[in-house]
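Common to both upcoming complexes is chain A, partnered first by chain B, then by chain C.
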Partner chain A sequence: MSDFYLLWRNLFRRKLRTFLMMLAIFVAFVIYGVLGSIHYAFEHGVDSSADNRLVVVNKITFIQPLPYAYVGKIAAIKGVKNITFANWFGGYYQDARNQIGTFAVDPESYLRIYRDDLRIDPAARDAFIHDRTSMVVGEAIATKYGWKVGDRIPINSNIFTNKADGSHTWELTVAGIAYAAKESFNTSFIIFQYENFNESKTFGKDTVGWITLETDSAAVNDQVAATIDEMFANSTSETDTQSEKAFGKAFLAQLGNIALIITLVVGAAFATILMIVGNTMVMAVRERTKEIAVLKTLGFPSWRIWRQVLGESVLLSLLGGVPGLAVAGLLVMVLSKAASGAIPGLALTLPVAGLGVAFMLLLGVVTGFLPAWNALRLNIVTALGRL
Partner chain B sequence: MTGQTLIHLQDVSKRFVKGKDTITIFDHLGLSIPAGDFVAVMGPSGSGKTTLLNLLGGIDQPTEGSITFDGGRVDTLTEGQLARWRAHNVGFIFQFYNLMPTLSAARNVELPLLLTSFGRAERRRRVEAALSLVGLAERANHYPREMSGGQQQRVAIARALISDPKLLLCDEPTGDLDRTTADEILAMLRLLNQEMGKTIVMVTHDPEAAKYARRTLHLDKGRFTERELVA
Partner chain C sequence: MRVFNEIAVVTTICIKSIPQRFWASFSTVVAVGLVVTVLLAFLAMAAGFQQTLRGTGTKDMAILMRAGAQAELNSGVTRDQARLIEEAPGVMKDPDGKPLVSPELYVIVDGVKKTAVPADGNLKKAPRSNLTLRGLSQAGIAVRPGLKIVEGRPFKPGTNELLVGRALQKDFVGLNVGDTVKLGNSSWLVVGAFELGGSVFESELWADTPEVQDLFHRQNVFQSIRVRLTGPDALKALSDYATNDPQLKLDVTTEADYYAQQASRTSDLIQKLGWPLAIAMAFGALAGALNTMYSSVAARAQEIATLRCIGFSGTSSFIGTLLESLVLALVGGIVGTLVTWVLFDGLTGSTLSGASFSQIVFTFHLTPAVALQGLILALVVGLVGGVFPAWRAARIPIVEAYGTP
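Let's turn to the complex of A and B:
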C-alpha cells in the first residue's frame, strides 16, 4: 500500500459522485480543446504571414475598391520589391451556400508574391498565365468537389454579372491545383485571371479590391506604408496600408472577436466546473473529517494529508481532463475534414494540449486547495469530538 | 510486572476558552504510570477522562505543567515532532473503532507502517502477524462493513499494535460491544499487558471492564478522587 493507493481509494469511495465530477471536467476540456484549437488555427494562420508583405486597402473600408492605376504607381515606390492585387468575386459553386473564397488576380505577379506559400506544378502555372479563362483551385476545394485539371467548372458570383450573357456565371477551366507549402496556409480558394474578369464584369471596371506588395525587408515596411498613404492622401480613394498580419487580423475581426468569444465560452465552462468541483471536493473532504483526524492521531503529518487531498483533486482533474482533450482532438480532426481546409492548420496542437494540461493542474490545485487547507489545519481533538 | 515510570504528568493544568468563559479541566494534576501498567480511568461525563487520554497521547497539549514519556518531555514538542512521537510510541483504540471504510482489514492494519521505512514484504509479514494475534488472519481482505463490531475492534487493536508502541490508549474500547464480545476484547488487552508488556491506559464507564486493569483511577472534576488496585 502506498499514499497513492489511499488517494485512489478515497477518490472512488463514491463512484457516482466522482464519475459525475469527471464528466463535468471532461465536458469542459472538450469545449476548451475544440475552441482552443480553432482559435490557435486562426491566430497561427495570421501569424504565419510573411513579415515583409503589406496590404493596401481603401481607407474607408477594405470592401471599397481601389483604382487599378494605383498598382503601377505603388510599384514605382522605393522599397517595393514585388506587387500584385486581387479582387473579391463572391464566388460559389452551384448553390449559394457553397461559398468559395474566389479572387480575380494577375496570375504571374500573384504567384510570385505567394511563391513560398503555394506549390503549383510549373506546367499548370504556365497554363494559368496563358489561358484567360483558366483558374487555379486550392487543394481543399479540389478535394471537396473532386475537380481535376482540365475540368470546366461554372463558378457563380453573388456580386458581379457576366456581360457576355447577363448571368452571374463564369465558366473556368481548372489549370492546376495549388497545394499549401506551409500547413497553416488555407487552400480553400480559387484564383482566376483578373483580365478576363475586368473585361466581362458590368461595373467597377479597372478597380481592384486590394493591393499586396512585398518590400525589400520588413525594416522598411513603415516607411513604404507611409509613402503609399501620403501619395494618395486627399484623393477620391485614400489608402490604408498595413502589414498582411494586421490585415488578416482585421479580416478575422469582421467575423467577430473570435478570441473574446472563445475566451468567454471556455471561461464560463471553467468557472462552472470550478464551482461544481470545488464545492463537491469541500463536501467530500468534510465527510472524511473524522478519518483525517484518525490519520493524524496515528502519526500522519499534516503536510502529508494536505498533499493527499490536493493530489486527489489534481488526479480527478486529470482523469476528467485528459480524456476530454483526447476527444477534443478527435472532434477537431472530424471538424477539419468537414471544413475542407477552410480553417488551415486546424488540429489539437501541442501548445493547446500543453496549456490544457496546465489548466487541469491549475483546476486541480484551485479546487483542492481549500479542502486540503482545511485538512491541514484540522484539529484532532475538535474533529474527533473529544472535548 | 510494572517497572520504571513511563509517563509522568507534573502540575498539569488544562484550560479551554469558550467564548468569554474559561473552562478549567485540570488544575495542577499529577500522575505517574509505570511501564507495564494497565490503568483504567473511570469517572462521570465531563470529569476530564478523555482530555487526560488526549494529553497522554500527545494529541493535545497542557496549558501548564509538564508531561514526560520515557524520560523525555512531550509537552514541548512541535506538531510535527508530536506526530512522529505518536507514530512510534502510542497505539490508539477508539470506542467506534475508527477504521478506514475504503480499506480492507489488512490495509487498515498496515496504515501506521506507511510512516516507517519497512519494505512491502516486511509490512505484509507484520500485518499477517498482527491479524493472527487478534485471530483475524482469515478476514484480512474483508472490509469494515463486512465485519462485526467485535471483529472491527480487533482490527483496530491490530492496527494499534503494528508499530510495536510502548503505550496503548483505549477510549471506551468496549462501549459499543455486547458483554461477551467486550470480555473477549478486554481479555485480549490484558493479554497484551501481561504477555507483551504493553502499558495500557483505558478510559471506561464500565466497572466490569475496569476489573481487567491492574488498577483503577477515579476522576471527578479534574481530580483523582480514588486510586484502587484491582489486580
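Let's turn to the complex of A and C:
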C-alpha cells in the first residue's frame, strides 16, 4: 500500500464532501482563468506594438485634428523612417448601433507601417491602392457581416456628410480582407482611401486625425518626439508625440482601473474557497485523529504523515483547479468569438495558466498547513483517548 | 398547531447549536458575504452611473443635433440654424420675450485624474483623461434653472475663464478656483464651481462660446442647441418644424431621453459583468453551504433520531435544518451588504462614456433595490444549500443514526 493510495482513499472517503470542495475550487479557477486572460490580453495587446512607433496627436486632445501639411513636415525630420496618418470616420453599417472602427488612410504608407501586424494579399493591396472607392476590411468585420472581395457596401458616418448627395453614406468596394499577423492585433476595422474621404466631405478639409510614424530605432524615439513637438510649439495646432504603447495604455486607463477590479474580484473568489476548503480540511483531518494516532503508533514518522495531509490538500486543489482552468480556456475561446475581435489576443495563455497552477499549489499548501500541523503535534495517548 | 411547536423546538436546537460548529458556519457566512459584496459592488456602480445620467435629463428641455449624429461630439449645427430655432414653435420665452435657446459647443480636452498622479508627482508623465469642455453663453445658464454656483463666480464673457463642475473638481487635479489650466497654447483661469443636481454637467468644464470657438478654430459652428420647451406638446411641434425645414434637418429629442439612452449602454454592460461573476461565485459559496449543512445534520443525527423517536415529525427536522441554512445565508447577505455599504457606497469613480467620449464622474450608490437583490441571492444560496441536507435530516433511519458512533 503506497502512501499515495492511502492519500487517495482518505480524500474520497466522503465523496460528496470532496466533490463539493472540488466544485468550489473549480469555480474560483474558472473565474481566475477568464478574468486573468482578459487582463493579460489588455496588457499584452498594448505591449506588443512595435517599440519604434510613435503617435502624433493634437495637444488639446487626440480628437482634435491636425493640419495635413504636418505629415510632410514631420517626414523630413531626421530619424523618421516611415510615416502615415489616419482620420476617424465614425463609421457604422445599417444601424447606428453597429459601429465599426473606420479610418480614412493613405493606403500605401498605412499598410507599410503595419506590415508586421497585418497580412494582406498583394493583389488586394494593389486593388486598394488603385481603386479610389475601395476599402480593406479586417477579418473580424468581414466574418461578422459576411462580406467578400468585390462586394459594394454602403458605410455610414455619424460625423461627416458626403458632398455628392448630402447623405452620410459612402459606397465602398471591398478590395481585400486584412488578417492579423500577430494574434494580439485587433481586426475589427475598416480602412478606406483618405483621398476619397478628403474630397467628398463637406467640412474639415485637409486635416488628419493623427499621425503614426516609425523611427530608425527606439533609441531615438525621445529625440524625434521632442523635435516634432518643438517644431509646432506656439502654432495654432500644437502636437503631443508619444510612443504608440504609452498612447494605448493611457486610452485603456480611461475606462477605469481594470486591473484593480479584476484583482479584487479574483481575490474575493480565492478568499471564499480559502475559507471553505481550509475549514473543511481541518474538519476532515480532525475526524481521522484516531487513525493518525494509530499510524504514529505503528511507527510512521511524523514527516510522512505531514506529507500525506499536505499531499491530500494539494491534490484536492489540483483536482478542482485544473478542470477549472480548462473550462476557463473554453469559455475564453467562446468569449473571444462573441466579442468578434474587440479584445484581440484573448486566450488562456501559458503565463496565466502557469500562475494558476502556482495558485493551486499555494492554495493546497495553505489549506493543508493547519491540519497537517495539528497531525504533526498529535499526542498519541490523548488522541487515542479522544472519542 | 403541534407541527408549529415542533418546528419551533427543532429550529431553536439547530440555531443554538451553531456555536458548536462555529468555524464551519463562519466560513459559510463569509463565503456568502463575499459573493454578495462582489454582486452589490457591481450593481452599485451600475446604479450610480445610471443615476448620474438619468438625473441629467429633464423632459422640458429639448436637445437638437445634426440628423444622424446621435451624440453631441459628432454633431455640427450652424449659427444660422440656431437663429431659425429661436423662431420655432414650442420654444419657451423669458419674461423679456427672449427665446430660451442655447447653442452650445462641445469639445474634448484632457486632464489628470487625482488617482492617476504618479508617485513622484510629475504631472507630465501622468496618463490623461478626456474631459468635456462646453462653450456656452448667458443663455446656457438661463435654460438650466437648477444651476448653483457653489464657489467663486460665473465666467465673464470675452475672457479665458472656466466654470468647473463640482464632481470633476473633486476627481481631477488642478481645477480649484484660482488655478490656471493650459488648453492647447492658451491659459484659462478657473473662476468658479457649479452644481447641477448631480448631473453629467458636473463632470464638465464650461467657458464662454467665442473663446472656445477661437481655441478650436470653429467659428460659427456649434454642436447642439438646447431649447426650453413650453409644455408636453411642444416637442412634437418643434420636431416637425426642425425636420421639415430643409435648412434645418436636425434631430430633436428631450434631454431626458438623450441621457437615458447613454446611461443604459454602460450600466447594462456593468450589470452584465456583475451578475455572471456573482452567480459563478454563488456556486462556490453553495458548495460551502452544503458542506456545512451536511456536517450539521451529521453532528445532530442522534438528536434528530431521538426527537423522531419521541414522536416529532420528519417535517419539523426538515424545516428546522432549512431555517438554519437560511439564517446563516441571511447573516452572510447582511454582512455582505454592510461591507459594500461601508467600502463602496459614496465612492466616486469615473469612466469613459462611449457616447460622449469623455469622462463621466459618478458615485457608487447602494440603493435599497440593489441591496434587495444581494439579499435574494444570499437566500437562494441558503435555500438550495439547506434543502438537500434538510431532506436527509427528515429521512435518517433511526437505527442508523444510533449506529454512528
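Just so we're on the same page, the second predicted complex is superposed on the first by the 382 of 387 C-alpha atoms of A that agree within 3 Å, B and C clash if a C-alpha of one lies under 4 Å from a C-alpha of the other, contacts with A are read in each partner's own complex, and residues count from 1 in each chain.
Definition applied: a contact is a pair of C-beta atoms (placed from the backbone, for glycine too) under 8 Å apart; a residue touches a chain by one contact, two chains touch by 3 or more.
Source: prediction; values computed, not measured.
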{"item": "Touching partner for A:F300 - first (chain B), second (chain C), both, neither", "value": "first"}
{"item": "Touched partner set for A:N234, first chain B, second chain C, both or neither", "value": "second"}
{"item": "Contacts of A:A181 with chain B and chain C, given as first, second, both or neither", "value": "neither"}
{"item": "First, second, both or neither for A:R13, with chain B first and chain C second", "value": "first"}
{"item": "Residues of chain A touched, compared between chain B and chain C (which is higher)", "value": "C"}
{"item": "Partner chain in contact with A:A96 - chain B first, chain C second, else both or neither", "value": "second"}
{"item": "Partner chain(s) touched by A:I380 [first = chain B, second = chain C, both, neither]", "value": "first"}
{"item": "Overlap of chain C and chain B interfaces on chain A (superposed complexes)", "value": "387"}
{"item": "Chain B partner contacts - residues on chain A that touch it in the complex", "value": "1-3, 5-6, 9-10, 13, 290-291, 294-302, 380-381, 384, 386-387"}
{"item": "Chain A contact footprint on chain B (complex, rising order)", "value": "16, 50-51, 53-54, 57, 59-60, 79-80, 83-88, 92, 94, 98, 100-103, 107, 110-112, 114-115, 123, 159, 171"}
{"item": "Chain A-touching residues of chain C, taken from the complex the two chains share", "value": "23-24, 26-28, 30-31, 34-35, 37-38, 41, 68-71, 73-74, 76, 107-110, 115-116, 127-130, 183-185, 215-217, 277, 280-281, 283-285, 287-288, 290-291, 294-295, 349-352, 357, 359, 405"}
{"item": "Chain A to chain C touching residues, read off their complex", "value": "16-17, 20-21, 23-24, 27-28, 30-31, 58-61, 63-64, 90, 96, 156, 158-159, 168, 203, 233-236, 238, 249-250, 253-257, 264-265, 268-269, 271-273, 275-276, 278-280, 282-283, 387"}
